[in-house]
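Paired with subunit B in one complex and with subunit C in the other, subunit A is shared by the two complexes that follow.
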Partner chain A sequence: MEQQLEKVLSEIAARQETVGALLANRQGLCLGTKGDIDPNVSGIGMAISEQVAKLEPNNTVPATICLYSGNKRCVIQKDGEITGVIFKQQAAASVTAASN
Partner chain B sequence: MSDDIKKYLDGLLQKVSGLYVIQITDRDGVPLLRVSQEKNVDFALMPSFIPTFTTACDQASKLGLGRNKTIISMYSNYQVVQMNKLPLILTFVGAENCNTGHILALEHQVDGYLEDIKLAVTEA
Partner chain C sequence: MDREKLIVSNQIGYLILKEDGAVLESGGELKNDERSANVIMGLLNLTESIDESFMPNSSCERITIDYEQHYYSICMSNRRIYIVKISKSQNGGATTTTSSSSSNSVYNDASDSGAVLA
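Moving on, here comes the complex of A and B:
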């Protein structure tokens, strides 16, 4: 039943620099994860996306939130009833190159 | 001690949108601490509410899936999330569209604050 969901998660997780990916439903409950990501993040990820959506209530295009922390990034996007959370980590080599 | 926990729970109530009540009771349903929004949720105070959870929790633990930790009950107007933190029971009452995942994620955060109450209940 969730094969399609797992396929999408696998595709996201296979992208460059992606550490883990997660999908949450409208209740903030985790539908599935792939890679290194805590399923408990689903509720908080959705709460963040809901708060951000309040910044521009008239905007119909879903906002994409990107949280930066050192060499890690957390990308959150809410689309309809589904919220996606992606953890990305910059490879050590590219971090060094960027700082130079 | 109690003031600190109450302040903390009040903060949680503000952070989770749609959350009406957080209640800490012992396993018999005796209320120890309760914080709520202005919206009054009376049924959470019904004497049978918490003991029913205790019974359901005990029965659910017999399913062979390990000890039951949480029961989420969805109603037409409310949702109730109850956590088994024996000797305490933590009850969250929220709107039907409240972020359940967010409430569940609070579990580990709250643990530290519950230690003192647990100690007091065990000693009593």
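Moving on, here comes the complex of A and C:
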């Protein structure tokens, strides 16, 4: 089971602009991390996804939450029992390109 | 029929809250929606401290909540919290504003995480 989680985390971490990725269980406990991300983020990440689930409880497809701070983004998505948290950081070059 | 405030094109509802969560203005699908306002205030309290080493506390300037057909965009300006519910369908949104670039990045994020968590 851990191997599959590791594989998924590696796939996420290999994506462009990804700094770190984490998977948390229903209790907010960290199942695994990859890259530069604090495992303690699992608790707050889970709490955020649970809070957003209250917004549209009848919606069967879980929402994707994205928090923006400058060139950094924190993406959170809950899928059943598991919550994923991804930290992303835009490279300086792409930031200037995007603003043009 | 009362004319509703248009914050962005493709908007289907909006809420403007005070810092304490009190609803100042609302319209569309979010008209008088205090329940959603409370859920979002709870979310804002949670997002104040994610990870100090990655994002400084209270530095989060914008939040999007992305569903299949629509998304919510939340930001703070002039001590007011603006929550806009925006449709993703293209009808009515012929003129693209600055919000288009941000919504594009949301789609990318959604497909990114959707693919890996599916």
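As a working rule, the second predicted complex is superposed on the first by the 99 of 100 C-alpha atoms of A that agree within 3 Å, B and C clash if a C-alpha of one lies under 4 Å from a C-alpha of the other, contacts with A are read in each partner's own complex, and residues count from 1 in each chain.
What we mean here is this: contacts are C-beta pairs under 8 Å (C-beta built on N, C-alpha and C of every residue); 3 or more make two chains touch, one makes a residue touch a chain.
What you see is a predicted model; the values in this text were computed from it and never measured.
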| item | value |
| --- | --- |
| Side-by-side fit of subunit B and subunit C on subunit A, or clash | fit |
| Degrees between the directions from subunit A toward subunit B and toward subunit C, using C-alpha centres, nearest 10 | 100 |
| Per-residue contact with subunit A, leading partner among subunit C and subunit B | C |
| Subunit B versus subunit C as contact partner of A:27, first or second or both or neither | first |
| First, second, both or neither for A:86, with subunit B first and subunit C second | second |
| Which of subunit B and subunit C A:42 touches, first, second, both or neither | first |
| First (subunit B), second (subunit C), both or neither touched by A:2 | neither |
| Touched partner set for A:55, first subunit B, second subunit C, both or neither | second |
| Touched partner set for A:73, first subunit B, second subunit C, both or neither | second |
| Superposition-derived minimum Cα distance between subunit C and subunit B (Å) | 7 |
| Interface residues of subunit A shared between complexes with subunit B and subunit C | 40-41, 44, 47 |
| Of all residues in subunit C, those that touch subunit A in their complex | 36, 39-40, 42-43, 46-47, 49-51, 53-56, 59-68, 72, 101-102, 105-106, 109-110, 112-114, 116-118 |
| In the complex with subunit A, residue positions of subunit B that touch it | 15-17, 97, 99-105, 108 |
| Residue ranges of subunit A in contact with subunit C within the complex | 8, 11-12, 15, 19-20, 36-38, 40-41, 44-45, 47-48, 51-52, 54-56, 59, 61, 63-70, 72-75, 77, 79, 82, 84, 86-88, 98 |
| Residue ranges of subunit A in contact with subunit B within the complex | 24, 26-30, 40-44, 46-47, 50 |
